[in-house]
Amino acid sequence: MTRGFYIGRFQPFHEGHHAMVERIGEEVDELVVGIGSADQSHTVRNPFTAGERIMMITKTLADLDIITYAVPIEDLNRNSVWVSHVQSMSPRFEVAFSNNPLVVRLFEEAGIEVRQSPMYRREEFEGTEVRERIAADGDWESLVPDAVVEVIDEIDGVERIQQITASDANGNGDPADE
Amino acid sequence: MTRGFYIGRFQPFHEGHHAMVERIGEEVDELVVGIGSADQSHTVRNPFTAGERIMMITKTLADLDIITYAVPIEDLNRNSVWVSHVQSMSPRFEVAFSNNPLVVRLFEEAGIEVRQSPMYRREEFEGTEVRERIAADGDWESLVPDAVVEVIDEIDGVERIQQITASDANGNGDPADE
Amino acid sequence: MTRGFYIGRFQPFHEGHHAMVERIGEEVDELVVGIGSADQSHTVRNPFTAGERIMMITKTLADLDIITYAVPIEDLNRNSVWVSHVQSMSPRFEVAFSNNPLVVRLFEEAGIEVRQSPMYRREEFEGTEVRERIAADGDWESLVPDAVVEVIDEIDGVERIQQITASDANGNGDPADE
Amino acid sequence: MTRGFYIGRFQPFHEGHHAMVERIGEEVDELVVGIGSADQSHTVRNPFTAGERIMMITKTLADLDIITYAVPIEDLNRNSVWVSHVQSMSPRFEVAFSNNPLVVRLFEEAGIEVRQSPMYRREEFEGTEVRERIAADGDWESLVPDAVVEVIDEIDGVERIQQITASDANGNGDPADE
Amino acid sequence: MTRGFYIGRFQPFHEGHHAMVERIGEEVDELVVGIGSADQSHTVRNPFTAGERIMMITKTLADLDIITYAVPIEDLNRNSVWVSHVQSMSPRFEVAFSNNPLVVRLFEEAGIEVRQSPMYRREEFEGTEVRERIAADGDWESLVPDAVVEVIDEIDGVERIQQITASDANGNGDPADE
Amino acid sequence: MTRGFYIGRFQPFHEGHHAMVERIGEEVDELVVGIGSADQSHTVRNPFTAGERIMMITKTLADLDIITYAVPIEDLNRNSVWVSHVQSMSPRFEVAFSNNPLVVRLFEEAGIEVRQSPMYRREEFEGTEVRERIAADGDWESLVPDAVVEVIDEIDGVERIQQITASDANGNGDPADE
């Protein structure tokens, strides 16, 4: 039995992530999907809460053949203990999947196997693209799984992103700003 | 669709918890199992990591008819923001299940419905009982689901609890103690 | 112009505190009332939030001749920086009033004048007494100023303390406990 | 009785804030002035400590007809619990005043009434303007109430801002920088 | 070249610690002395700051043949990342010396060699003994190296411990207590 | 006896720092070298852990005539308590050496003597220069002491910096980024 680990912020979970999970699913028996920056929400870069992202992932992957776990990972802001933090929050895994050179480095220094793929880089750009299209009332629905459209609708996510984006553009991205 | 929320430390997840989840399952369509003190591990009171507890819960509940989510909840040590913290880490829920008067109070002050049951109190004592039997090489296996026995075996949990218990008895339950 | 500083947890603000503030008022022109453990609430020892304690103090001292400031001080749990933390949260003060030997020590090591009085010790016991009488439906109203009775009534504080006390007695004083 | 809540960083409290408070004062009986980023000081953006800002606000508003509370609010850096954090630090309030879209969003998601006004946006720019004039030895006194001039003089604030601004310009806005 | 790691709280560094360091010195070329609970001070259990403990250790070990490093380790209160935290704060080491079963367990789970000795247990008791003798004006000087007597004298440590002990005995071991 | 304090991030410790320490050594009997941002590592700006930096400094300064202490200082992100934090982590010192205007200001507000020198500013630029040369496979060895070359080689520091720099350039400087 091989269990894999795949980290992302999933703001939101989109088709690029979905394709990646399916592809990793061919290599492992179980997959832990680590939801990074779990403590962040209601910002331009991290609009959705960890709970909302758990729903997106769980509902999208419900029909996948392999067992998946969606695990929120809060930021500790200490790279030197990041791998241990992830390991304590996650079911045990043997291999990590990432194309982020920092993540690759941290896992390798800890002696954990990492598998990379040229495909990974696409996704971050897609995350930004999805958020920008939501902010601009563009066609974002085609970039994410149907289950994610449903979650975003249920939580009134479009209006949230549009309000937060306005806040940020005015220079008050922090609730303490006037 | 009704989603419920049930919080515990699950150190470990035992038959009392299992029965409770099955009973709650008759009242809701989906259930979020919140794993409290998720940042604590390797202590007499909290021997298992959040990741290990996720495995216990997910494996035990795999055949349950309702959809369940196992969500780690780190301690913030501020009761006044605890409900908001839980809500941000969890998929949305309409009703919380607890017999802990503090939890009941916190949810009620936040305007969230709480359902109580005389059965709940039994469980905390069982948690302590399970840990004490593991420490004393007693029969603990009969108190927990089979999947939990497997997880504890896989992670070498019996030896961990016995070592930690020795540490605590000697007055050095903290790694900084000599 | 002399400004004094007086720290307490004020759980709740009672007649002993009130008398002390009046007495200090004879020595200073302005008084900062520092509300310690401001981040704690909903526990047996710290039932009220900082905001609720601000209301108790401000309303009780409204008619006092000297200017008073009620300032919440969150716990940092590092005694070595405690004085600097207090100074940053408070208007400047020249003299501190305390009978807590630790506080006396910390201020003295920082070169700040401290004035002590045999009267101070009585108060902590009164704080516990007030909370225990509330928990036991005893006569607590006679131990606190009228304005404090009003605040506790407005926030439904009697019921809160009774529920929290029940929680603690059952061994689940933490929301993560089952 | 209606109590309002108005949040800002007040670095420093200037005539724009003052006018806003007077305007809000026509709508409420009591007003809580929440001092955001209370834990920050000695930076270009946040030069003054919470204690110094409490003095500015309390002295400026001493003659106002309505009761005001100046309450420091430390940053938690978790938007999802921000409203609960504010509520725990503040006397109870029924309505919040803000034009920051993020604050509006957070309060609305928590079910709290928010009132907006076109006037609010002016203020943030004035805050920056005041700090820049202080740094450049310009006429900043005309932008703030007299009581604020006195506080800044008393704490030697002009020199502080000029030194900090020099630090930041040199790329060492953090004490760990060489 | 072998570098060892030896953790303690060193409140204060006493002859038991000294003997242990000399004994370890026979097994390694360099030794890192990790000062645990570095962020704690001014309490009955942790009276001295990290800086004061660095002085005690550095001065006592100045004539030792092997190179030693005195490294403060702040508490993170997460056992699962404790080893990584220690590794990030310390020069690299190959072997850890401890008789605390929790520390042994944590290092072993991380794959690091630990050497134990029956002698270690004596020390914790000696630490408490030294502090109690200081509090009671007993003969504590004979239990610690000469350099430690000098440091405690220089920082007025006897008076500090006596004041803090009085505070704790009165039930106000926290600066927020009245 | 005069003890001095010199703070830096030392990423890495280079010849500019080395010259400064030698120069300060002419003015004091003992020197504390405070390693700022001790909790940061594996970033473009802070590639090395505190432990690695302790090794660089201790090995480089081994032959210096004066006694030196290398003390890690974790970031607290509260300027108002920074001086107290430094004082608690460091052996007592009488004079601080810095040319960072913020540091000068913070020490002066706390009543501690600070000595400045036109030379200091050079160093920060050299730190960036060293890191950029390592990233670009340029000649960085000539800018740092031999002992630092050895440490960086031992920990495989060149490869680490090159991987981290690639990560940052791609917009994923945080392990949560995809």
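For clarity, chains are labelled A, B, C, D, E and F in written order, and residue numbers in each chain start from 1.
Definition applied: a contact is a pair of C-beta atoms (placed from the backbone, for glycine too) under 8 Å apart; a residue touches a chain by one contact, two chains touch by 3 or more.
Computed from a predicted structure; not experimentally measured.
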| item | value |
| --- | --- |
| Those chains which touch chain F and also touch chain A | D, E |
| Least step count from chain C to chain F, where 1 means the two chains touch | 1 |
| Fraction-based call for chain C against chain B, same above half, different below | different |
| Equivalent-chain rotation between chain E and chain D, CA atoms, steps of 5 degrees | 180 |
| Chain pair repeating A-F, as identified from D-F, A-B or C-F when over half of the contact pairs by residue number coincide | D-F |
| Cα-centroid distance, chain A relative to chain E, in whole angstrom | 42 |
| Computed distance of Cα centres, chain F from chain E, in Å | 26 |
| Between chain C and chain E, centroid-to-centroid distance (C-alpha), Å | 35 |
| Touching two or more other chains - residue numbers and ranges from chain D | 39, 41, 49, 78, 80, 87-88 |
| Pairs of chains satisfying the touch condition | A-B, A-D, A-E, A-F, B-C, B-D, B-E, C-D, C-E, C-F, D-F, E-F |
| Complex contact set, residues of chain A against chain D | 39-43, 49, 160, 163-164, 166-168, 170-178 |
| Residue ranges of chain C touching chain F (in the complex, touch as defined) | 76, 78, 80-81, 83-85, 87-88 |
| Residues of chain B touching chain A in the complex | 38-39, 41, 49-52, 54-55, 58, 62, 67, 69-72, 74, 87-92, 154-155 |
| Residue ranges of chain F in contact with chain D within the complex | 7-9, 17, 36-37, 73, 75, 77-80, 82, 98-106, 109, 120-121, 123-124, 127 |
